[in-house]
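We just call them A, B and C in the order they show up, numbering each chain from 1.
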Amino acid sequence: MTTETIKPSIWAFANPTRFNTFASKAIPVLAIITFALLAVGLWMSFNAPEDYQQGYTVLIMFIHVPAAWLAMMSYAVMSASAIGTIVWRHPLANVSLRSAAPLGAMFTILALATGSLWGKPMWGTWWEWDARMTSVLVLLIIYLGLIALSKAFDEPSEAALPLAVMTLTGAPLLPIIKFSVDWWNTLHQPASVSRFDRPAMSAEFLYPLLIMALAYTAIFFTLHMMAMRNEILSRRIRTMKMQAARKQSSKGAA
Amino acid sequence: MFGEHASFIIPSYIISFVAIVGMTIYIIAQHKLRKAELKRLEESGIKRRADNG
Amino acid sequence: MLALLKREILLSIRAGGGALTGVLFFLAVVSVFPFAVGPDTKLLSHLAPAILWIGALLASLLGLDKLFAQEREDGSLDLLVMQPHPLAITIFIKALAHWTMTGLPLVVATPMFGIMLNLSPLGIGATMITLLAGTPAISFIGAVGAAVSVKLPRGSMLISVLVLPLVIPILIFGVAAITGALEDPAPFTAPFLFVCAITLFTSVLGPLAASIMLRHSAD
């Protein structure tokens, strides 16, 4: 069944209505899981012992590292959605891509902000043009560019393919950026980064970190589904308004 | 609390909290707005399915 | 193929001396740096590879928005899409023509700017080779950006925002190769080969992605 007659060829593949019914049921469940994970994760984080090297600043790690992971994962979700758009022209794939971009940008900003707040007491500087920070900053620029691109088209369905192509163009460059800057960095300032990858993390830090990472992942999927539902609603409103305008103009002509 | 670096730890938690909660509130508000708009449109007699007329 | 290349180059020459404007822009960017950094020749010669690369990067972004704009305005975009040979090849040629008008003149002009920035002859040579190997990739990636925003009336700003972060790896390896040529412990071949690899990769993937995009916007 098609909900719209304007673009039946595209909308026939998926069923946004069914997605919305599913989302309405799934979102409360996801939200409960998110809250539970967050509660456990935060409790474990604040009960973790003081790190002998970093002191209490290790607390920042529990929100910094998950944010950085989610910044990458959001892009992975967007790339998968981009493939869905290009190969199957699936409209939900485009909805998913659009909805993930602001979330990815948010997690990237959080990763940068908390990283900066962690770097000041640890390295004595707010900002260092080191491998990771620079590559994450580039990631942020790519996110913001994609958001700008998605807003630049009058007709949302026209933005689908440009967004997908641009997302995928950025995707293989992310690892290149990461490795190349790593490599470039060894020429200029080798030391400071190695402290970041602490060899084996002891369990008392690892478990809270993993739970917090799961909690952040749950946050992402909950918000992503909510944003997708919003996007579908706003498209429905759009087509209804256009139909109303069309009806009015045909009445005026008659 | 939190030792000498509390002035870095607390802001980083506050920033994360504000950003995530803010994003959630924004998305929920958008949802409410769109639901209301949809209702308004439906009440004004526009049907979702085009009747080819 | 060659005929198309010739036609593209002739068109861009007629459209306002493409190559000369590019070099002029390059000159403007390069000469702004001493004003900002100060006339310290030692510092300038240290920064010269980076300045030249950034200038080339910015100059290569010029005219990207015009890559398909004309075709779109006069409707020949549909003709391009419906040609017998693959669209990707046409786009490859168009990107190559864009590079001949923006990238290549910069390579030729590099010795002059290198001397102005107090760069050693070895440094000038390394800069020329890396620019020659690296700037085509900017045009190929730029073709994707141009194809993506072909339907937008004011897409030129957006193209720059989208393309610049994607060409950062080329900049990194390009400058790293020059540093490698000038300073002893750092290698030259490895980063230079990376630059070549990126250019080869993008010469295939860029036109392919752009052709998917253009085919979509034509129908």
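One rule holds in what follows: a residue touches a chain if its C-beta (ideal position, glycine included) is under 8 Å from a C-beta of that chain, and two chains touch if they have at least 3 such contacts.
Given the structure is predicted, the values throughout are model-derived calculations rather than measurements.
Located most centrally within the structure is A, per distance between chain CA means and the overall CA mean. With respect to subunit B, maximal separation of chain centres occurs for C (centres as means of Cα atoms).
Separation between the centroids of subunit B and subunit C, computed from CA atoms only, is 41 Å.
In this assembly, the C-alpha centroid of subunit A lies 31 Å from the C-alpha centroid of subunit C. A straight line joining the Cα centres of subunit A and subunit B is 15 Å long. On the side of subunit B, the complex with subunit A involves touching residues 2-6, 8-9, 11-13, 15-16, 19-20, 23-24, 27-28, 30-31, 34-35, 37-38, 41-42, 44, 46, 48-50, 52-53.
On the side of subunit A, the complex with subunit C involves touching residues 86, 138, 141-142, 144-146, 148-149, 152-153, 158, 161-162, 165-166, 168-170, 172-173, 176-177, 180-181, 183-184, 187. By the touch criterion stated above, subunit C contacts subunit A in their complex at residues 141, 144-145, 147-149, 151-152, 155, 158, 161-162, 164-166, 168-169, 172-173, 176, 179, 186, 194, 198, 205-206, 209-210, 212-213, 216-217. Against subunit B, the residues of subunit A that register as touching in their complex are 3-6, 50, 55-57, 59-60, 63-64, 67, 102-103, 106, 109-110, 113-114, 117-118, 120-121, 219, 223, 226-227, 229-230, 233-234, 236-237, 240-241, 243-244, 247, 250.
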